[in-house]
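Following this line, the structures themselves.
Here chain A shows up in two complexes: once beside chain B, once beside chain C.
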Partner chain A sequence: MITVRKPGLSTTVQDGGRAGFYDLGIPPSGALDQYALQAANLLVGNPHGAAVLEIVYMGPELVFTAPAVVAVAGATMVPKVDGEERPMWESFAVGEGETLSFGYLTAGARAYLAVAGGVDVPEVLGSRSTYALGALGGHNGRPLTAGDELRIGDGVNGAGAGRVVPAELRGAYSKDVEVRVMMGLYDHRLSTDGRATFLDTTWKLTPVADRIGFRYSGAELETVEREPPFGAGQDPSNIVDAPYPIGSIQVPGSVEPIVLHRDAVSGGGYMMVATVLSVDLDVVAQSAPGTRTRFVEVDLDGALAARADGKRRVEKLHDALG
Partner chain B sequence: MTDVSPARYSWGGDEFVFVELAEEMSLQANFRAMAITKALRDDRPDGVLEICPANASYQVRYDPDVLAPRELQSRLQELEKQVGDAADVTLPTRVVEIPVLYRDPWTTETLMRFRDRHQDPDGTDIEYAARINGYGDVEEFIAAHSGSPWFTSMVGFVAGLPFLFQMVPQDRQIVVPKYLRPRTDTPKQTVGYGGCFSCIYSVRGAGGYQMFGITPAPIYDPTQSMPDFADFMVFFRPADIVKFRPIDRETYDAHLAEVEAGTFRIVQHDVEFALAPFLEDPDGYNAKLLEVLA
Partner chain C sequence: MTRHEVVSPIPGVFYRKPDPESELFTDTGRSVGADDTVGLVEVMKSFHEVPAGAAGTVVEFLVENEAEVDAGQVVAVVETDGAGTE
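And then the complex of A and B:
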């Protein structure tokens, strides 16, 4: 059992996510950085789908009522056991009655704490992930609060302490990032200049950055004139409410693009002009407010190649920790 | 047969394909989205993860390592051809009756807090909607909003929220712009309006639609504790046909007591809906459709 002494800023139970209910407005949820999720789980010998804690900006304080093997991957916030520092990207033991806490965030935005056996909350619609907007899944459908108690699963022959992700396979987080996108969806609403502005601007991530979406500031995008189609609305950025792909970038009012992430609203009436590649959603996940971001266009073949590269990196992770 | 222009296909990154059947909203465009996605669901290729019909478009999420993107696209184009103008398609669906307390105290309190974001800061949302749609007074407007049935053209935005398209010819449809800037608060189960769509907010939260009233009927229950949610936590399905029933405060309170006692049920009847006869005689077809509620 883990007792939450302090919850951190917004700590939620997450796993690989749930599929099959997006048509009813229930998004996939799951760890925003899926690579870090897999690294943390592999370090403690958990199966791929095990639930972990996603920690945003500021870590929780957790008291362990039984000994456990844990690992922290993702954003750099140094874990501490009873105040003593432990390494990131490495499994270590926490003893009975000991407290796990975290240092200040120094790189990235989201850290993932895996515990051998996995966080054992009930599965809802095939996943343990928290979808807070719908009060669904995770621990009572919400971020952790002080006093919560989390059960740890058993039946996993967890790996021991001291397992390490090799340096070249660790996430590297910068305040200057490139995020690869495929243009499309409603990008024909942009003028040639508007399109160029979107791809040439160095966007800055605003503080409005959560599991639903990440909002960027930087420039206004020029649209082409039109007679609004029936049902779309008067603003040049309005469309007849349409489904939103995970990773799609909408631009309400033609300013401040929003990248929808894994707790996305499933549809709406703002033009989407591009979609972030699934593998680069991890990059967005590790962006803290202020991160300078360029959206870099790739075509379908480029996107599939990037996806294959991402898979190879995960395979290497498996080979290193398998 | 009516002519339909070819759909527009676009990739949404490496995992989504987005298909726009028409730029403007119509029941026919929606019906084609329903028919194509139903056909895909009935004969679902390996690798298809999500099938999401929407108002005049739809999207599919898939695993490109299992199903090649261009193969999926040609499959969808075949279905588009097969469905055509959807004139021959019949959908098994439900007629659902939703009681509404129009001009309720809770949405009124909320809308007053956000007057600085509204087109008409001196009135209420429903007074504004009645005026710009040419109704003499709010009562007439409520009669129109609750008089015709509505087609659930999309479920989403947040969990279980239905988008509802008015089943009357376009020149009689209510159209109201969204708030100038979205609110940060909307009561749960608010009956709202934006563009040509009515909606019911399934959870409390941000929103940009005008607020006309509130229903005591829960439409989303993640704990599945109420009888309407025994099978699933979301009540609405695409293609559900909705009829609003105006109620007074006393009836609202009585329904709320039933909700709290766990006995409340939404009135619903199975029906078949066909597009062609509806388009031929909307009023006659609707009257027949709603007989099940009599």
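And then the complex of A and C:
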């Protein structure tokens, strides 16, 4: 059992995600940085999509009522056992009655704490992930609060302490990032200039960034004049309501693009000018406010190559920790 | 006299007032209690109070109103009245 002494800013139970219900308005949820999720789980011998704690910006304080093997991957936030520092990207033991806490965030945005056995909350629609907007899944459908108690699963032959992710397979996080996108489906709403502005601007992530969406500031995009079609609003950024893919970049009012992430709403009436490659959603996940971001256009072949590269990297992670 | 650094535990935008029309929470030269708020940090659509953390006199602000801060960044310095107040 883990007792939450301090919850952190917004600590949630997340796993590989809740696929298959977006058509009903229920988004995939799950760890925003899927790579770090897998790294943390593999370190402690869990299945790669097991339920972990996603920690954003500020770490919780957790008391372990039984010994456990844990690992922290993702954003740099030095873990401490009873005040003594432990490494990131490496499994370590926490003894009965000991407290796990975290230092200040120094790089990235989200850290993932895996515990051998996984965080044992009930599955909802096949996943333990928290979808807080829908009060669904996770621990009572919400971020952790002080006094919460979390059960740890058994039946996993947990790996021991001291397992390490090799340096070249660790996440590296910067305040200057490139996020690869495919243009569309609604980039025809942008003028040639508007399109150039979108791709040439160094956007800055605003504090309005959470599991639902990440809002950026930096420029206004010029649109093409038109008569609004039946069903679309009057603003040039309005479209006839359409489904929103995870990773799609909508631009309400032609200012401040929003990248939708894994807790997104499933549809609406804003033009989506581009969509972030799935593999680069991890990059968005590790962006803290102020991160300078360029959206870099790739074509379908480029996107498929990026996906294959991402897959190979995950395979290497499995090989290293298998 | 000890210098106590007031640190923002989270990244975001730092505000020295509860809202644009209000007075500053505190200012250099004024005394504060350990639990007094010196500013707010906005992130993820909510505002989080940054307490002074020690009783004493505010001697310095290192971050402007509405400036961006990183987690762990020192936003102000409080000179504490004596030993053992931190």
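Observations, loosely collected:
To be clear about the criterion, the second predicted complex is superposed on the first by the 322 of 322 C-alpha atoms of A that agree within 3 Å, B and C clash if a C-alpha of one lies under 4 Å from a C-alpha of the other, contacts with A are read in each partner's own complex, and residues count from 1 in each chain.
Definition applied: a contact is a pair of C-beta atoms (placed from the backbone, for glycine too) under 8 Å apart; a residue touches a chain by one contact, two chains touch by 3 or more.
Keep in mind that what you see is a predicted model, and the values were worked out from it rather than measured.
In this overlay on chain A, chain B fits alongside chain C without clashing. A simple residue count on chain A separates chain B from chain C, and the partner touching more is B.
Of the two partner chains, chain B is the only one that A:Ala19 touches; chain C does not reach it. In the superposition on chain A, contact is made by A:Pro207 with chain C only, not with chain B.
By the touch criterion defined above, A:Gly268 lies against chain B but remains apart from chain C after alignment on the C-alpha atoms of chain A.
In the superposition on chain A, contact is made by A:Gly290 with chain C only, not with chain B.
Judged by the touch definition given at the top, the superposed model places A:Leu105 against chain C, while chain B stays out of reach. In the superposition on chain A, A:Leu300 makes contact with chain B only, not with chain C. Seen from the CA centre of chain A, the centres of chain B and chain C span an angle of about 110°, rounded to a multiple of 10. Residue contacts after overlaying the shared chain place A:Asp241 against chain B, while chain C stays out of touching range.
In the superposition on chain A, A:Val52 makes contact with neither chain B nor chain C.
The overlay of the two complexes leaves chain B and chain C separated by a minimum Cα distance of 10 Å.
On chain A, the surface touched by chain B in one complex and the surface touched by chain C in the other have no residue in common.
Contacts from chain C toward chain A in the complex involve residues 7, 9-13, 42-45, 48, 68, 70-72.
Interface residues of chain B facing chain A in the complex, by the touch rule stated above, are 10-16, 18, 20, 23-26, 49-59, 61, 64-65, 69, 154-161, 163, 170, 177-178, 194-197, 202-203, 205, 220, 222, 233-234, 236-238.
Against chain B, in their complex, chain A makes its touches with residues 19-26, 124, 131, 133-136, 141, 181-182, 184-185, 229-234, 238, 240-243, 245-248, 265-269, 272, 275-279, 300, 303-304, 306-307, 311. Those residues of chain A that touch chain C in the shared complex are 9-10, 56-58, 103-106, 109, 207-210, 288-290.
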